[in-house]
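In the two assemblies presented below, subunit A is common to both, partnered first by subunit B and then by subunit C.
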Partner chain A sequence: MGLNSYFSIAYLAIFLPVVIVAYALIPRRFRWVVLLAASYVFFWLISGKLIVFILISTLTIYGVGIKLDKLLAQRDELIAADKSRRKELKAQYARTMRIWVAVGVGINIALLAMLKYLTFFSTVGASLLSLFGVQVDPIVSTIGAPIGISFYSLMAASYVFDVYRGTAKADRNIARLALFLSFFPQIMEGPICRYTQTAESLWAGRDIEKDNLYRGAVRIMWGLAKKLIVADRLNLLVKPVFADYASYDGGIIALAAIAYTLQLYCDFSGAMDVALGTARIFGVELPENFNHPFFSRTASEFWKRWHITLGTWLRDYIFYPISLSKPLKNLTKAARKTIGNRYGPLVAGAITLFCVWFANGLWHGAGSQYIFFGLYYFVIILLGGFIEPLAQTLSEKLHYSRESRWYKGLQIFRTLIVIFVGELFFRAEGLDAGLAMFGQMVAGFTFESFTNGAVLAIGMSVGDFVAIAGAVVILLVVGIIEERGTVISAWLCEKNLAVRWVVLLVLIFSMLIIGSYGFGAAPLEPIYAQF
Partner chain B sequence: MDEVIEILEELKPGVDYETNEELVSKRVLDSLTILALVAELEDAFDITIPAVEIIEPNFNSAQAIWNLVNRLMEEDD
Partner chain C sequence: MTDTPQDISLNEAEPGASVASDDASVPYEAPVKQSRGKAFLKYAGLCVAFCAILCVLLAGVSHVLHPKNNTEEAGMMDVRTYSVLAEPEDTIDALFVGNSVVATAISPMDIWEASGFTSYVCAANGEKLTFVHYLLAQTFEKQHPQVVFIEGDMLFDPSDFAHLAREILRQTFPGILYHHRWSSLTLDDFTKPIEYSNSLVNKGYNAKGRTEPAPNPDYMAPTDEVAQISKVNRFLLEDIKNMCDQQGVKLVILAVPSTVNWNMARHNGAEQLAEEFGIDFIDMNNGENKPPVDWSTDTRDKGNHLNWRGALKTSQRMAKHLTRYSLVDHRGDEKWASWDEALVKYHDYMDRLKAHPEAYDAEGAHVG
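Our next item is the complex of A and B:
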């Protein structure tokens, strides 16, 4: 595995240590140069000439940001001179600024669409036209997509929106903006940061502190353990079952859906551990992308704990702006008057939720299974909105507490099933395969493969299952401790040196001993780097 | 402040809005309820609440909502 994985030797044993040493040796005021140069070298080594696209994004948002800043200053000057025209001037300038926002965001989204979705949409378009007897060849993009375009395009768009809204000040330093957009630990798989969250601390060139170095290293090792011990090992089961699902019964397909969910979590959250750990070493705090998602009581809560920065991006830049547009606000009011407070907001909410979940599905990839995945959650969350008042009434009538342990447990169990089914469609090789697998899982469910030993013929041995079971128990215990409010890495920092080293060494040795690598291993390509 | 509490009680009864300071962080108010609340507040106080103001600190308690309303009323004057 080359540099295109944060778990690779090339990244962890060569690239990262070189950057850390260069960063530590150089005077503070030039440290940003090290980070920016490292980020662009990293990008170049993976995407080569496609680096031009992140440069276009940077230049676009830099120019649009300054233009918006000038318009804001002009507007405020005019308002200060004549306060009676405040409302009129605000509306007038808002119209001009919106055009610039459309330019800035439009260029970035157009690049994303061209590089990532052109082939998909032109194929869909050609198929639709063929229904009307018009035969056209779909356009096939041969350029390829630069690494992380789905992540940095959203960051670029959020910067433009934030300057327009006044929540971020336009940056006149293009190098700082370039670093914000391209910072190497986050470029491949996120998190999707906001300008106000990271730009300043990236630029500050903070010293590498002992505590940050330790916490960063533990976090990186923790991520690496998730990947090597769990995600890679599960590939021995997930890959063959999804590739040849027709040869397996419903029980095995259900097991593969659960295994894939765990694999995706360990791969993606493990990559986030490496990203956040790396950033911490440089004194930069990236936003968390996961918060123990498998403890969620509802599908909607799950998305507040899973890929958090994508969820908040969609909420802030799609959900609320659409919901608060005049036509939808009027619809909400009218619906509330007609069908009441409980269901009224759901009418307008359904329109916005559809936009959000369609965007969520599409963001993950140009494929019908991803759009289905998004719309699956749209239906589940909308249904949740309708059922919620009923569940509340039922609990009042039957006198049971919705906060009791058994009720919470049932809710978590139900949500886990929703998640496993969603991930089955997400991983399936196309929507048709997903539907076939789902049908097979439900109609052909049997425990036979578990009792006759067929499950062990797929690729994972008894030892592999034991290692996974052990890892799940550890993840569960860590999850429970952190759910109760203890941040383990911070807690470790307060312990004496011996304890701290023992923990780090246990992590390293557990990876060396039970990590899935070497002969017979099927290492997993980073899943989210493909989106 | 009382008017804000009245609106909240109408939208989602059975919550102690006088003392609860985690309305959003503890998911008492979900995003759809917040949308209905925004529409009500805009009508009641003749204000416009922009998307940028829909953040947790502005909706976590009745007092925070009241502060937001007051600030937006002052800005509109």
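Our next item is the complex of A and C:
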């Protein structure tokens, strides 16, 4: 049916309208059935028989959740009966519960590893063994991975952790849990939702309200415009340069790195706009995944604004558990004694950060460039931690405000360079290619290709560059307005019908006319759906 | 554009809240002020009104973006396909519609030379059945042929409803197809009407010079197998048949020689469907209508498409077949004098092609 993207005609013109109409016409108490059926049909149409893996995940977390709930109830009962054994009982039950958490999370992570990383790790393993003279053929996975496994596996794991921690109560309704895990607008590229964020509203079967319908439609069109006008158009430049980087000078490679960063942002955040817009139509608010990341002043802030739900997942389920673990606490104590209070905590922090960024890189894909990408941010953020006290001292000594406009501007500019370099490695076809491109960009930087017109021979015409420039200005203006606290779609809802329709029509026509599709276009497959 | 900037934890429920309840009754109450039926009708009405405005604007924009003539310079795609619209009214006896397989197999000028019947090939590379509906609708406004041959190869294309939706959008609002012209629009695009004045001497035929023998000349080995035709394609064929019936035009399913695109299973499938729909099926790969194609010299690309030699034989055989439809020999008739002039140019063109087969083979080169 061609449902391989939220931007496809099959999704926007057929699947979504059919689901909306069915949802609107059916009594409220059965609306969850429409959403669940639509989600499973959507999954089936894309991944076919691999749907069995999301069923396994659902059943696993359902069973483990109930088991954890029972253990918690049992423990509380025993504690209520004999309060003097409170500490002992807590420790005893914590051990058992941790085993169940390991089962629940382990099965999901094992499935993810088997379906997505088996070939990569077995190739790495075989290469390592060959260093010791042992020749082993790497295992090549032929099953393929179901759509969204990287996203729903993390959601499944978070549910188990949350039930264990008591931040969510185990759901005894398997249909609701299945809907939480498989909801079709989020299954392909996220956001990575928590059970407490969406399960209730998904189940509620809220009416399709006028404002939600409008805001959802505007959000979908905004996402489509980002994808079709910017992301797909930039493919005309990004694809050839990254495929044949040796033929281009440093200036073009720098341009391609910037172009790819913008492309990735518009592709991924565009898909999020469609996902959030779709969910809003059904009265469901999915968590935001982007918050104008290019206004970030540090790399650390960038990751609080870019792929937010992955960042918070890593923070809640990797960073905190490791940094609050006993060995790390002991290490911090020891480090404070040895190297002082300023830099002591950074030692344990570095270990935790390493784990987070290694996981971040690995999550993006089974490839050395992704792991390098994660570790690149590990080094940048760690360095930031070391430099921060120095920068603070310097500003005090030289009497300049770190909140002044020019200083903030410099910080944003510096962060942008960090981001562009990171994305260069991320997009490069392998780590070797990334390093070669970086070397070429630094050593062979020149503006020659811009002055002699060679930049126009790559694939993008003057019209394409004008369209991109216009789009960047609009993104910037919208970003500045929203940074100041105005939610544009909500603001629009307060306007009269004519204004709202005009805005929607302008978005639709911008996308239809200036969008890069059809003749001469090089459409881009959804980037994050591949992760 | 965000809905809730800064807020990454919407709908945060208290642990143990009603989320985990088995009770399907919902705590949420929507602020309903009127009955659901009325509200639905109101929303539906607004949606219809919005879509109507969108369609009107899209039609206007489409007119601006559509090339104003059927030439490559004007920006028209499928110049060859739509060139039939440049022919004088009611001058075409037979139409051949389909994809590149029929475009390279039938030469209307060879048919004219052999029989005096006028025909036109309306075909484009990779076209699907969805496209035929629109092509015929446009053509019937100007031409009333006695017979339309539809290339049966298209019946086996994997068309689906998404493709159908895409084609409907593309054809109803050609601005979607020609949107890339936004950066090269001129004043004429806003003021001039769309014209089709570029008449081609090849009459839609896409002559090919290259030769690459087919490895499987015995491709029509007997079998009881029946190739399946999708529901979408059956629906589309029925629609095309109804359209032809309304115009009083005879519809025929045609299989032109191709070792890649035809076999007995497909023959059986097309034959079965033709019987079911009450349509004639002419298979030029098999039986009495088969031209003497030599698969070592008459194909351009290993049996997929015919080259000019194969097309000449197929066209001459087709000229004989057309006598069944009581068409009139127009040779010598003043109204069709332009066809005789075109024939001279056509022979010139073919002489050049035979002399430089490779140069005249490339796609888009010398559409004639």
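Just so we're on the same page, the second predicted complex is superposed on the first by the 530 of 531 C-alpha atoms of A that agree within 3 Å, B and C clash if a C-alpha of one lies under 4 Å from a C-alpha of the other, contacts with A are read in each partner's own complex, and residues count from 1 in each chain.
One rule holds in what follows: a residue touches a chain if its C-beta (ideal position, glycine included) is under 8 Å from a C-beta of that chain, and two chains touch if they have at least 3 such contacts.
Quick caveat: nothing in here was measured; it's all calculated off a predicted structure.
**Q** Would subunit B and subunit C fit next to each other on subunit A once aligned, or clash?
**A** Partners fit side by side after overlay.
**Q** Between subunit C and subunit B, which one touches more residues of subunit A when both complexes sit on the common chain A?
**A** C
**Q** On the A-aligned overlay, A:205 touches which partner chain: subunit B = first, subunit C = second, or both, or neither?
**A** So A:205 only meets subunit C here.
**Q** After superposition on the shared chain, which partner residues are touched by A:167: those of subunit B (first), subunit C (second), both, or neither?
**A** Both partners, subunit B and subunit C.
**Q** Once the shared chain is lined up, is A:319 touching subunit B (first), subunit C (second), both, or neither of them?
**A** Only subunit B; A:319 stays clear of subunit C.
**Q** Considering only touches as defined above, state whether A:386 meets subunit B (first), subunit C (second), both or neither.
**A** After superposing on A, A:386 lies clear of both subunit B and subunit C.
**Q** Measure off the angle at the C-alpha centre of subunit A toward the C-alpha centres of subunit B and subunit C in the combined model, and quote it in steps of 10°.
**A** Apex at subunit A; the opening toward subunit B and subunit C is 160 degrees.
**Q** I'd like to know which partner A:197 touches here: subunit B for first, subunit C for second, both or neither.
**A** The second partner, subunit C, only.
**Q** So in the superposed three-chain picture, is A:13 touching just subunit B, just subunit C, both, or none of them (first/second/both/neither)?
**A** Touch partner of A:13: subunit C, not subunit B.
**Q** Taking the superposition as given, does A:44 touch the first partner, subunit B, the second, subunit C, both, or neither?
**A** A:44 contacts neither subunit B nor subunit C.
**Q** Once the shared chain is lined up, is A:333 touching subunit B (first), subunit C (second), both, or neither of them?
**A** first
**Q** In the superposition on the shared chain, how near does any CA atom of subunit B get to one of subunit C? Answer in angstrom.
**A** Nearest C-alpha atoms of the two chains are 9 Å apart.
**Q** Need the overlap of the two footprints on subunit A, from subunit B and from subunit C, as residue ranges.
**A** Correct list for subunit A: 166-167.
**Q** Under the definition above, what is the set of subunit C residues touching subunit A in their complex?
**A** By the definition above, subunit C touches subunit A via 1-13, 15-22, 24-28, 30, 32, 36, 39-40, 43, 46, 50, 53-54, 57-58, 61, 65, 77, 160-163, 165-166, 169, 175-180, 182-184.
**Q** Can you name the residues of subunit A that touch subunit C in the complex?
**A** Within the complex, subunit A touches subunit C at residues 1-2, 8-10, 13-14, 24-25, 28-29, 166-173, 176, 194-201, 203-210, 213, 215, 218-219, 222, 273, 276, 280, 283, 285-288, 290-292, 308-309, 312, 461-463, 466-467, 478, 482-483, 485, 487-490, 501, 504-505, 508-509, 512-515, 517-521.
**Q** How about subunit B: which of its residues touch subunit A in the complex?
**A** Counting only subunit B, the residues touching subunit A are 10-12, 27, 30-33, 35-36, 38-39, 42-43, 49-52, 54, 76.
**Q** Give every residue of subunit A touching subunit B within the complex, in rising order.
**A** Going by the criterion above, the answer is residues 87, 165-167, 300-301, 315-316, 319-321, 323-324, 329, 332-333, 336, 341, 344-346, 348-349, 385.
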